[in-house]
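Next come the structures, one after another.
In the two complexes below, chain A is the common chain; its partner is chain B in one and chain C in the other.
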Partner chain A sequence: MGRSTLEGRFRVIDVSPDEVAEVVRELFEDGCYYATGMGVDERPLNGRFAVYHAINCPKRGVYVILRLTAPENRPSVPSITPVLRGAEWAEREAHDMVGVTFENHPNLERLILPEDWPDGVYPLRKDFPYNRKMAGTEGTAGVRGERHDEATMSVPLGPYHPLLHEPEYFELYVREDRIVGADYRGFHVHRGMEKLAESRMTLNQIPFLAERICGICGCTHSAAYCQAVEEAAGVEVPERALYIRSLMLEVERIHSHLLWFGVACHLLGFDSGFMHFWRAREYVMDIAELITGNRKTYGINLVGGVRRDLSGEKIQKTLKLLELAEGESREVIDNVVGMKELIARMEGVGVLRRKDAREIGVVGPVARASGIDTDVRRDHPYAAYGDLDFKVPVYRGCDVLSRFLVRVDETFESFSLVRQILENLPDGEIINEEYSLPYMEFGLGSTEAPRGEDVHMVLTGGENQVYRWHPRAPTYNNLPAVPLMLEGEDVADAPIIIASIDPCFSCTDHVSIVDAGSGRVLWRGPLLEGVERLRR
Partner chain B sequence: MMPELSTLVNVVFVVLFAPLLDGIERKVKARLQTRQGPPVLQSWYDLIKLLKRPSVEPSGSFGWLFRLAPAVALSSVLLASTFVPSLLARSMGFWGDLIAFVYLLALASLFLALGGFASCNPYAQIGSHREISLLMAEEFSLAFIVAGLAVSAGGLAFSAMFPLPLKASSVVGVLAFAVMVYVSGARVPFDVAEAEPEIVEGPLIEFSGRSLGLMKLTAYVRRLLLFTVLLNFVIPFGGVLRSSVYVAALLVLSAVYAAFEAYFGRFRTADAVRFLKRFAAAGFVCWLLAVLGW
Partner chain C sequence: MGRIKLMGLAVSIGKVTERYPFAPVEVPDDYRGKPVIDPGICTGCGACASACPPQAIQVKEEGEFRVVHLFLGRCIFCGRCQDVCPEGAIRLTTEFELATPNHDDLHQFVRLRMVRCVRCGRPFDTYRHLVRSLREVPFIEGERLLLCPECRAKAPLDWLEGGGDGNEG
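Take a look at the complex of A and B:
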């Protein structure tokens, strides 16, 4: 192994193409899993392309970043997907966006770019201008699926469906009332955020862009981005700011979980539960408004600290609201848990075995419901979590019910965390603006979002800019597990199974640029196919 | 009053009042969910809007069946409303019987399902499939209940059954029938055929404008007629106060049923069918009691 730099939270290691597979295998056997990967066009620096594989080693409290490079004229590195299947999407994404080829990848098809995007044009290369518009070429899209036979019906779930609050496409292959197979097709709503940030935004504008990755868990994205830059530039963040960050992240988790419980009730036909959960959630929205001025999209994080302080009076009000929110949430949850028909519809449904979960690298409540004890807040303490006391709930049912119960326990842990933070809030400054930005320094920030581990990687660009920014939302890691969960289940259970990962598609889709016209091509074919019973 | 006129009054009453009853149920549910809820006339507003709009026919559908289904469904429930005594007790010289009523309602369900199949939409296929499974299971329970009530009343004609004689078998039968009214009304947890978050209203997904309006009106009328038959079993026939007692009882029943609906989550189809099969036991008890003369 070559150069290695030692940091607290992560370690960047240059590996040679020959040994990467072996290194990855050893890490996986040691209990690590694939967190994320990014391709970087480093040609302006050294005439090479680079791939960064971030591997999370929760036991050792460190992220191992494996850096592979390839020369400009032959941008090709060995794939690690055959060793660790969690890397599949990340490698396909790097192939789409930066044009690095992965040797021996089992399925190096397009993941993100539309199928009528011209070959050999890679939008995240530095010589591709952010405002360039591409004319579509003849697409080959839409024809998929080998499972069709007389008795199988293809049921399109999406791209518009009341279950999915964003356009995504699942195709279910159904025989009688059973799902015999499922395909996922996503990345329809790409906003090209990375390109935007790298090309025309400054360092402290990006937290606000990052926050808009997701309408539900935005704060966690801006926090992860700020942490990544702080790591890269070695910024000292005042303690009070760290506490306020934790405070808002926990408020966000409570609101997000209560929202999910409501949606889950709605999908199971229990609309009263839906309404009552959202009523309890309103107190949490009031808390957010009181502290940040916004019900959602708090706009509180900046590199070096936070933007708003918290007065004693606000702390008192918050504590009062918190009591109301907790009492009412407890009451509604107790009622729901007591409803046998709801529990019966979640128990034993949508099973994700621990082994698959580990190989795919699922995160957050989905992992914890499959018996994997992982939580970024505990394993890689950030913000104020090192000083706080909380339990990480782990269930071994591997089903939708376990995911529900993990979230129930987490919600009440979060209530306790908010209280601890408010009671122990240290005095002092809330932001440190005395820092300078180095050139081409790597930083990684990770947070435990309501949906699981959220990782942002940054290469600083100097002059108040970032050279490369790669956010990876938890749903990106959880989605590949959904087709596995769906197989063999009742069609009636498909919505709750898909919802059980608490999917956030816009988070997953942050990365890309899609021509609106060709976006249609992607799904129109299969949709029409699905309308009729399929005959060979 | 002439029988033809009272029949007309009854049909008009049923058509006008059924959407209103739905509006009241929506209000009750909203209150239980701490919502404001829409005005009680909302279901009427929705219907008027729908009836003013043209229907769109999906390409690739069996057009004639798709167009015919809403009309047949509505006609069958309206036909049932001509011989079920609702607002006015005396209705049409012809005294219908329970079997005709049950089958007219089944015909409406059948055409809802056929309309769904005819649209060729995969969600509608699943929904129609569920509708039919549920219908068969319902018929199974209903067969025993109807037979029990008939033996108990000494005939299937409404003239014999309204009201039922006070016997153990009639009490069990009416209670069982009340449950079937709930099930047949496609209420949560038995609304599997339309399950909005799962299969997007199932058989109704491709209906729009006028034809959707007719389908909705059919559903409202159907619920009202089911309540009406249930009430006729118990309201002493022919009294002076009958009409007002009937309307008041309708409102109470509807509020109670709506309240129940707010406390359930949806079944899977298989669970709903299993429940109905088990429930046939209640019908069987009713029939057994009636045969024994209790």
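Take a look at the complex of A and C:
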């Protein structure tokens, strides 16, 4: 192994193509999982392309970043998907966007770019201008998969989820009323955020773009981005700022989980539960508005700290609202959990076995409901979490009910966290603006979003810019598990199973450039990817 | 029997839906609503425009004027402009009802007269910004501020001390 730099939260290791598979296998056997990966066009610096694989090692409290490079004239590295299937999407993404080939990848099909995107054009290469418009090519309408017999019907679920009002497309293969297989096609709403940020935004503008990755858990993205830059540039963040960050991240988790409980009730046909949850959630929205000036998109994080302080009066008001929110949520949850008919719809449904969950690298409540004890707040403490007490709930049911119960426990842990933060808020500054940005320094920031681990990687660009920014939302890691959860289930359960990962389809689709005219062809056949790939 | 209890709860709580828009809703004093520029204070320095993430503020030069143009259709109500404005000229208000049939309601223009360079005659800064700068630099240096940046770079330092040709034109 070559050069390695030791940072607190991560270690970047240059690996050779011959040893990468072995290293990955050992890490996986040691309890690590595939967090995310990115391709980088480093040609302006060294004439090479690079791939950064980020492997989360929760037990050791470190991310191992395996860096592979390949020369410009032969941009090809060995695929690690055959040893760790969690890498499948990240490698396909790097192939689409940067044009790195992964040798022996089982399915190096397009993942992100639309099917009428011309071959050989890679939008995240540095010589591709951010504002270039591409004329679409003919495109392949796709051939229907042949793996299903006459008795199997295919049922499209999409292009919008029936409830989540987000673009997604699942194709369910159904025999009688049973789902025998499922495919997923996403990435319909890529906005090219990475390119935009790298090309024409400044360091402290990007947090506001990052925050808009998700309409529900945006604060977690701006926090992860800021942390990544702070790691890269060695910025000391004042303690009070760290506490305020944790505060808003927990407020965000509470409202996000309450929202999800409401959605779950609605999907299960219990609309008054939906309304009760959302009624309780309003107090939490008021807290956010009081502290940050808005119900959503808090706009609180900047590199080096936070933008708004918290007065004693606001703390008192927040505590009052918190009590109302907690009391009401408790009452509603206790009653909902007491409803046998709801529990029966969730128990034993949408099973994701622990082994599959590990190999795919699912995160957050989905992982914790399949018996995996992981939580970025505890394993890689950031913001104020090192100082705070909280339990990480783990359930072993592997089903929708377990995912529900994990979120129930977490919600009340978060109420306690908010109280701890408000009671122990340290005095002092809220932002440190005295730092300088190094050139081409790597940084990784990760947070435990309501939906699981959220990872942002950056390479700094000096001059108040980033050279490369790669955000990875938790749903990116959870979605490939959904086809497995669907298999063997009733069609009627598909909506709640899909919703059980609390998916954020659009957040997953953060990266590409969608040209006018694309997306008209509904790609179907070749998408026997996800589940088929995973089943092998 | 969760279902029955929750039904009872709904009855005892009654209606929670706000009467809005038939009754006003309250927002906190430091709510992040519509940004407004005070045209009497703004110097046209452009700091807000450089900080604004979605480029909702643009500064353009139009002949004798510099125009600070705020377009609410792009604004994300982040308040970065307010953070960085050295004059306290731009502030976020608590106003949030911005829907309008008239596109013009979404634009604010601040027009500021420019100063011409005493040497080359090119308009290069707003009067107001120049006056501000004059207050902050020593007198000798201050007069050099009457030159546009290019001429300033060319002019020898002793220009104002009697050396060189101090004549205009």
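Simple rule for what comes next: the second predicted complex is superposed on the first by the 514 of 536 C-alpha atoms of A that agree within 3 Å, B and C clash if a C-alpha of one lies under 4 Å from a C-alpha of the other, contacts with A are read in each partner's own complex, and residues count from 1 in each chain.
FYI, a residue touches a chain if its C-beta (ideal position, glycine included) is under 8 Å from a C-beta of that chain, and two chains touch if they have at least 3 such contacts.
Quick caveat: nothing in here was measured; it's all calculated off a predicted structure.
Chemist: Applying the touch criterion given at the start, work out whether A:S272 contacts chain B, chain C, both or neither, answering first, second, both or neither.
Modeler: Once the two structures are laid over each other on A, A:S272 reaches both partners.
Chemist: Tell me which partner A:E331 touches in the superposition: chain B (first), chain C (second), both or neither.
Modeler: second
Chemist: Per the contact definition in the header, classify A:R307: touching chain B only (first), chain C only (second), both, or neither.
Modeler: A:R307 sits against chain C, while chain B stays out of touch.
Chemist: Of the two partner chains, chain B (first) and chain C (second), which one does A:N204 touch, if any: first, second, both, or neither?
Modeler: A:N204: touches chain C, not chain B.
Chemist: Tell me which partner A:M339 touches in the superposition: chain B (first), chain C (second), both or neither.
Modeler: A:M339: touches chain B and chain C.
Chemist: On the A-aligned overlay, A:L290 touches which partner chain: chain B = first, chain C = second, or both, or neither?
Modeler: The second partner, chain C, only.
Chemist: Considering only the touch criterion stated at the top, classify A:G299 as touching first (chain B), second (chain C), both, or neither.
Modeler: second
Chemist: One more residue to check, A:S154. First (chain B), second (chain C), both or neither?
Modeler: first
Chemist: Across the two complexes, find the residues of chain A that touch chain B and also touch chain C.
Modeler: 270, 272-273, 275-276, 279, 339
Chemist: In the complex of these two chains, what residues of chain C are touching chain A?
Modeler: 1-3, 5-7, 9-10, 13, 16, 27-28, 30-32, 50-54, 76-80, 83, 92
Chemist: Sort out for me which residues of chain B touch chain A in the complex.
Modeler: These residues of chain B touch chain A: 29, 32-35, 58, 60, 120-123, 125-126, 129, 188-189, 191-192, 195-200, 262-271.
Chemist: Could you list, by residue number, the parts of chain A that touch chain B in their complex?
Modeler: For chain A paired with chain B, touching residues are 153-156, 161-163, 174, 177, 265-276, 279, 339, 341-342, 344-345, 490-495, 530-533.
Chemist: Going by the contact rule set out above, which residues of chain A touch chain C in the complex?
Modeler: Residues in contact with chain C: 201-202, 204-206, 208-209, 212, 270, 272-273, 275-276, 279, 282, 289-290, 292-294, 297, 299, 307-308, 331-332, 334-339.
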